[in-house]
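Here subunit A shows up in two complexes: once beside subunit B, once beside subunit C.
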Partner chain A sequence: MSVAGLPLHPFFTPRDLPETLDLLAGRAARGEKTVLLAGGTDWFVERHVAPPETAGTLPLVVDVSRLDGLGGISLDGHTLDGDEPGGDTLHADTLRIGGAVTYLELRRDARVAARCPLLAAMARDVGALQIQARGTLAGNLASGSPAADGVSALAALDATLLLRSVRGARRVPLAGFYTGYRKSVLAPDELIEAVEIALPPAGAPYVWRKVGTRQAQAISKVALAGVAVVEDGRCTRLGLGMASVAPTVAFLPATRALGLSRPLAGIAPGEIEATVLADVSPIDDIRSTAAYRRHVAVALVTGFCEELKRR
Partner chain B sequence: MSVTLTVNGSLLTLEAPPASRLLDVLRERLGLTGTKEGCGEGECGACTILLDGVPVNSCLVALGQCAGREVTTVEGLGDAQHLTPLQEAMVTEGGAQCGICTPGMLLSAEALLREKPAPTDGEIREAIAGNVCRCTGYQRIVNAITEGARRREVRP
Partner chain C sequence: MAPSVGKSVPRVDGPAKAAGSARYVDDLVLPGMLHGATVRSDVARGRLLGVDLDPAFDWSGITVVTAEDVPVNSVPIIETDQPVLARDEIRHAYEPVALLACEDRLRLEKALRHVALRVEPLPPVLTIDDALAAREVIRPPDNVSKRYLITKGKGGTAGPGVVDGCEVVVRGVYESGAQEHVYIEPNGMIAFWDEEGAHVEGSLQCPYYVQKGIKGVFGLPDDGVDVTQAVTGGGFGGKEEYPTILALHALLLAKKSGRPVKLVYGRQEDVEASTKRHPSRVEIATGCDRDGTLRAVSIRVLFDGGAYVTLTPVVLSRGALHACGAYRWEDVHVEALAVATNTPPNGAFRGFGAPQTIWAIERHLDRIARTLGLDPMELRRKNLLRLGDTTATGQTLKESVGVEECVEKAIAASGFVEKRARGPVVTGRLARGIGAAVFLHGAGFTGSGEKYLKGKIAVDLLPGERALVRTASTEMGQGTETVFRQIVADALGIAVDAVDFAVPSTKNVPDSGPTVASRTVMVVGSIAERAATELRARVGQEATARGLSRSEAWERLAADPARATALVQYEPPPGVVWDDATYSGDAYPAYGWACDIAEVEVDLDTFETKVTGFWAAVDVGRVMNPTLCAGQVEGGTLQAIGWALTEKLVTRDGKILNPRMTNYIVPTSLDAPPFTTILVEAPYSRGPGGAKGVGELPMDGGAPAVAAAIEHATGLVLDRVPLLPEDLFEASLKGDAR
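What follows is the complex of A and B.
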């Protein structure tokens, strides 16, 4: 078989979430490594690039792609199935998305389209259909790439992660999840059960712009996710998430603070440029240059602010 | 360890390591070599199969993840004597040259046509965006899928 050693990985399909958590806890206590396998669109690529050498130290692969407790999309704790009448007119304003929900499920969900179009737009732009059919939000979050599209959208939406282990559940705001390049506060015995989003009102302006070499399969040179609530010419909520401009997905805190500080008409383009440049720290790599990324970062945020001013 | 799944309509129980790539099991255990390996990294789509009717890259799926599910490969469409209208159109419209991308293209197109019997050019291009072709320049493939859709209406 062409990927050396892959078949040697021990593999297990747990019955349910409690069994998965027990397994994780036992293995973590013994210092044994476990891979939670969801869509495999990151993990198999890693294995291909760097195949394992010896069977002795291989982690246990645990299939969570169909684990019940990690599936499903619901609004305000009220489970939505496809064509339930009035589902989106309820006073339901927390969207909960199971960790193993795929991009394809996101882009096909009518409530996501109506109440969180930013997520639907993001999901449509990930990889191509084959990747969207398998890739999950939890996988995107756990891999922690600074280029992650899902993480960027969730950053703009100020999502909260629901992490669970045998020790219980805890909620971690996405802004506090990463501690560095591909490093997070996720403990070895924990998994990402779901993400929760306090939704802006229906119709709130948003932006999703992915700048890359082509539409399908391209990892972004820069991507901007943004969502805002504008009342009387002033932002009362502003969320921004930017991919590929820092060691982790960037939240652009200074730019957010500026946008919320006073009426939009009083904010000059030069101020936006200065805060964006303070918020990002891009590098040169195979996909682009730091200079181009700075230029695009400023242009994307400025464009979104202009659009908000016209509201 | 054994894994039970349906491949092209046949229920099979395979003694194989469940962490194996579905792609390797199809080609090397089942002899279904219509499914190709291009990149092994999810980029090219040559290994596209349908998993419960949805196109996925078989280089990124573990055999164990397919337990109880239905896999369709190009061998599950038509055979040389009985091509499906879509396969036929791929031949007559010049949608296949070297042929390496063709099985994957056919499965992406098959999934599209099951959902949208009369797709627009844009829908076709989106459906095959994850299938790379180095020969045709894509237009002939788009034409073939359009023509396949038309012929399916006559003879599904």
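What follows is the complex of A and C.
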């Protein structure tokens, strides 16, 4: 079915964030399904393959792409609301990205380019320009695909998600967000308001390597995001995120622990291979094979570690 | 008037397509029109016991067509084995069984889910090996649907043993997978009936093929069937035979409902149900001297034809005729077989069987070079066909052999010799290598094809010193409209924009033959030139006889229906002799020749291959329009690179698992290498201005050139396309390195 053949969904554009939250709360209380539409780059594709929905059960589609409260990228300029839990722990080098910020905005933002080049590099590799102009980080997070490039980069940056509902706001570390394949702790009345990243120092080494099916318009077979702070040959911070090697984006905890455990020079390639293989559980699918994914996962992490050793 | 041929006249159809004002079939709306949809089987093989409509569903306003409604239930192509709608036998997993039409597309979608097929599944035959094993016979007696034998020299008596006794015998097996066309516009057709008969308009390459199908199924005369080409968004062979099926289906629904019906496939349905390039296996044994002089070749070509015969016999023929490549052989034995399987029928696709066999012979030439320790390009140069040589079918090459010039120019432009000698360049984890392929492609129909076809074209003089070209050769993005205008404008001595191109409709254009086989410019273009030349002479005679100016004479003729038109029929050149019984003689009137050189960078960690440079030197006889000609070369080459590196059709139980553009991976513009295209002109005396064909040639060489470059870079020898990173990885584990 083409987009032209989609059923006519009820569609609503709220005025502002409070109205959106009220709407979500009411519908959640009645058990009604709501789709928050930002870029629509996943949702439309899913409609194409989903069985036709019957008129009575069509979810309400709510356009959140232009809501003030979900836009904007800020560095240090963030004014905290009084009711934000943990707001006082935001340190000076925090990058805050509104949930409806697009990949193209990330690519074009000078602060992101200077202070978080990993995100800019990732954004250049998502889909192609048309997708980048519509797709958003919050959409990527909410879809929960294990192949999500954006989520992989946020995993490496150990991002925190700011979730909001009429009940208030809460901060959830990304590592605690997903509970399984396309499942998360996001409640039916909540939305992803923003993503917060405690930035590494400017110039910190990072890696973004997407191994896709082609140069653009590709879904990752494997993608590695990594960021590190290296002092005197030791990692004092190491973040890794990997796409398409597990039911959710992988954080590679054992590999992170190994990398932080002792001076990099003392870590043998065999150890890295063993921990990466312990951290991933890829499958055969139409895009690739489990064996290839394991091989690439090890090769990419090993390559990043070699680069860190040279610094 | 300065000649336009040889100049890059901008594509006449370009502005409307770029601006979005061109109207494709899905843009057309007829009053009272219904939308059509197809109910398909979902098992690869079975006995159809019944078609059940859910009695709980509201069927009002929905037209249902089944096999009972089809007057003559077989699609006339080469054979008549393919039903328009399955009656009792399911032969592939997307077999059309019933048709629905409804004004409301949403209700139509829902109705599709309320049709149940009662099918008793049978064990399917899914691969060439399954078919040859013949444990299940789906095409009596042995699942082989077509067989050819080509012999030369001792091949006639020695058979496959023709290589025995040669100094060096090299054997290899080469395989290729299916390929989907991925034209931008999926198949679509709109149909209605009136007192004149049947009318269809849609996305198609060959209006008269569609007409033939409709005549056969509905028992109509020529003038009872009107087939019109809508603006067509690409074909690549995929709209050669397949649109007939859509036309028949739309007409069946239109007949039963009494309303116009539009049937447009979505991408997924198009990928699943329409034809693909034939999967292949080619087994080659060659005999040569120790110095690399090729002597004898024995080849067994196996093509998977799919569930129905469609065009498989002619695809197999072209594959067999190209199997020996661009080389001299004294002794030849080529056996070619097509087998039936329970997969959707395979059919026409740019290259038409030649890419599979050129892939095999070019990989094999690299294998011989490796065996002998020779440079692969030296081996090729030593054995290339030259003027005066005879091909595998005994055809003596009398003219227009530009292959050596192609090779020299491609080598010079790419620095092939130096790069090859330097060996793979490894920088960090990236290995760079270079590889080449040399090949030919027969232009026009095989053998006696053009003799039976009798292609025609008409050119009319119009008032105002204008002209109209009427031809069934269609525009589908390749430039027919523009180049035909150039040919006719030059022959008449008028400007290109003074020539119009009639919408191809069986009502108002003569049967020029199908728009296929790289024949449009060489064959139909030549009669376009003759028709226009004849009209120019007519104008001149009229002016002289009546003492008129040229424009006065033109106006008089244009006003006289008896004299305004030149209708010309193609006559094959007298020297072309072909024997269908022995499969020998002049297989093609002329050949395009080419040398492709690919440079690749392989990531030794991820085994991703990036084509970093591509040089194609191509002998097309005469370049009619440099931009369009180079566009054909680059586009065809990129399609070949897709076939070589990413386009893998994944199937399970006869069903396609990746029928969408997100998972059937064609190259994007970022995957396209920088192309250096060198156009070589070794003119063919019977082509307009010396032109031969160019449409298919560039599909033939990309895959073997890329595979050779990967081998040079990594030492991995791979003999099956596509060559995915996963395949390189597996090969590296098996220690397939040189």
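Going forward, the second predicted complex is superposed on the first by the 288 of 311 C-alpha atoms of A that agree within 3 Å, B and C clash if a C-alpha of one lies under 4 Å from a C-alpha of the other, contacts with A are read in each partner's own complex, and residues count from 1 in each chain.
One rule holds for everything that comes next: a residue touches a chain if its C-beta (ideal position, glycine included) is under 8 Å from a C-beta of that chain, and two chains touch if they have at least 3 such contacts.
No experiment lies behind these values; they were computed from the predicted model shown.
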{"item": "Subunit B versus subunit C as contact partner of A:Ile131, first or second or both or neither", "value": "first"}
{"item": "Which of subunit B and subunit C A:Gly303 touches, first, second, both or neither", "value": "second"}
{"item": "Contacts of A:Thr213 with subunit B and subunit C, given as first, second, both or neither", "value": "second"}
{"item": "Which superposed partner A:Arg115 touches (first subunit B, second subunit C, both, neither)", "value": "neither"}
{"item": "Partner chain in contact with A:Arg294 - subunit B first, subunit C second, else both or neither", "value": "neither"}
{"item": "Partner chain(s) touched by A:Thr13 [first = subunit B, second = subunit C, both, neither]", "value": "first"}
{"item": "Which of subunit B and subunit C A:Gly40 touches, first, second, both or neither", "value": "first"}
{"item": "Residues on subunit A lying within both footprints (that of subunit B and that of subunit C)", "value": "1-2, 7, 45, 49, 128, 215-217"}
{"item": "Subunit C - residues contacting subunit A, complex", "value": "105-106, 109-110, 113, 266, 429, 605-608, 610, 646, 650, 657-658, 660-663, 665, 667-671, 725-726, 729-730"}
{"item": "Contact footprint of subunit A on subunit B as seen in their complex", "value": "1, 16-21, 24, 28, 37, 40-43, 45, 48, 51, 54-57, 59-62, 64-65, 67, 108, 126-127, 129-131"}
{"item": "Residues of subunit A that touch subunit B when the two form their complex", "value": "1-3, 6-11, 13, 37, 39-41, 44-45, 48-49, 61, 63, 65-66, 104, 127-131, 133-134, 215-217"}
{"item": "Footprint of subunit C on subunit A - complex, ascending", "value": "1-2, 4-5, 7, 45, 49, 51-52, 128, 211, 213-219, 221-222, 286-289, 291-292, 295-296, 299-300, 303"}
